[in-house]
Amino acid sequence: MSESKYKPFSRKAYYYETDGMGIVHHSNYIRWMEEARIYWLEYIGYPYSKVEQSGLMIPVLSAECEYKHPIRFDELFEIHTMLKDFNGVRFSVEYRITNLTADKLSAVGKTSHCFVNRDFRPIRTKRDFPELYDVFNDNLNVEF
Amino acid sequence: MSESKYKPFSRKAYYYETDGMGIVHHSNYIRWMEEARIYWLEYIGYPYSKVEQSGLMIPVLSAECEYKHPIRFDELFEIHTMLKDFNGVRFSVEYRITNLTADKLSAVGKTSHCFVNRDFRPIRTKRDFPELYDVFNDNLNVEF
Amino acid sequence: MSESKYKPFSRKAYYYETDGMGIVHHSNYIRWMEEARIYWLEYIGYPYSKVEQSGLMIPVLSAECEYKHPIRFDELFEIHTMLKDFNGVRFSVEYRITNLTADKLSAVGKTSHCFVNRDFRPIRTKRDFPELYDVFNDNLNVEF
Amino acid sequence: MSESKYKPFSRKAYYYETDGMGIVHHSNYIRWMEEARIYWLEYIGYPYSKVEQSGLMIPVLSAECEYKHPIRFDELFEIHTMLKDFNGVRFSVEYRITNLTADKLSAVGKTSHCFVNRDFRPIRTKRDFPELYDVFNDNLNVEF
């Protein structure tokens, strides 16, 4: 990763993402991880649109998030991602969400995924999508 | 409509539907209208699952909502619907959302729709889906 | 728990909860767990509205979900919940989401929480809210 | 408005915003209008955070949207806004949402609002918040 070039995924929290406690509802962090994941896929050179053009989908097998410090409306956050445990079919992504406005670590999370075709059958990328396989291997354990 | 049988769509507001003002976010009313519309389709005998099995979709051409009284977490609301302006291809649905907990009219809304096939091409139901056409005509201007 | 009386939380998946894969977006399961949790709180006799009237809030400290079988639009699901690890300040809830339409276990999940006041300060329920403390202890490790 | 400086609100559609038809769910356009409105408030010099610091809220009195061309996952859209009908207490905002990826006008919409205090009582900005009043008047009927 060229440090000089990469900017981690970042945006402000929307008003409609807040809840009655005046903070961003916890379910939205799961959505933000998806935003960060798609941003990262594009950055490493295999955007999700290309995944779909390949006839693939990347459903979520598991998701988890530990909430440490709330994020409020209009606060700026940043998400760092790291690909973990890629075996050609499955992989995980770890996330670190920082509240830049409050200068606090806001949450850490993890999702795991599987490459499937449109019938939700698992696909071995090494054989069928070697370019995708290589891109993922090149970025394994690299922090973005 | 058999008055004795029909129960209007009704449920409580979820916590995650509230926003930082402590009231249900206005965008959710648009979603509630969809819930009520699908409930109504099932009641009149042409559930959305059957619409989809027919190879049809019902995208939204327009949506509008006038907000009169807020709904808060856990408050019970009810939605009355009425089919309007069905011409075989297009139709509208009008909604009246009542906050039963506060005993207030909460919102009135309207959506307009079109029957399309999976390529988003408009479909004349009179010719191609006469049963659907008849069900809609039978329920035109009937309040549910 | 009176087996004859209790009905687990259950509803159909809404159209707006589906995503481009034609299945319910994974983030909505996190929201469903909240729905089930609030339903359960009401059943055990300490509804969230009473929690709020007590000046308390129950933010989420962590959430996780393992996805096993997708849920599609209009499919009926049911959520069983069980309170775990209550220590007077913190607690966890475990969830089992079943797709009743497909007759498959759809997901298992877990959330952990903390009782706080409106300033997000942790509250010891044993001292300050003994009724709440007792209700939680009575329902610890009971499957609903 | 300095043409050289102003950039209309713009972003890509998120995956979780799509629905089973493979297009962005119509309810999200209502949320996008909020994003654009808040972006515009910041640009004209009275950000929503300042509104809240003044003890004010801006609930939505009505919202409407006409959908002309769908937006799909990852497509880039842009929203132009224009303040209309400001009378010191109420105002409207009109929106034009363009799908930049497809180079099509995607939707036009309108929301109307009211300035209220935290008890949801209407507030006359001319008397109580003259700076806000002036900022709004200066930007009335100006396209952003």
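By written order: A, B, C and D. Residues from 1 in each chain.
By our rule, a contact is a pair of C-beta atoms (placed from the backbone, for glycine too) under 8 Å apart; a residue touches a chain by one contact, two chains touch by 3 or more.
Note that the structure is predicted; figures quoted are calculated from it, not measured.
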item	value
Common touching chains of subunit D and subunit C	A, B
Chain located farthest away, centre of subunit D as origin (C-alpha)	C
More contacts between chains, A-D or A-B	A-D
Subunit B and subunit D, separation of their C-alpha mean positions in angstrom	25
CA centroid of subunit A to CA centroid of subunit B, Å	35
Centroid distance [mean C-alpha coordinates] between subunit D and subunit A, Å	28
Set of subunit B residues in contact with two or more other chains	15-16, 27, 31, 34, 73
Partner subunit C, residues of subunit A touching it in the complex	21, 23, 26-28, 30-31, 34, 57, 59-67, 70, 120
Subunit D partner contacts - residues on subunit C that touch it in the complex	15-16, 18-20, 22, 25, 27, 72-73
Footprint of subunit C on subunit B - complex, ascending	14-16, 31, 34-35, 38, 47-49, 73-74
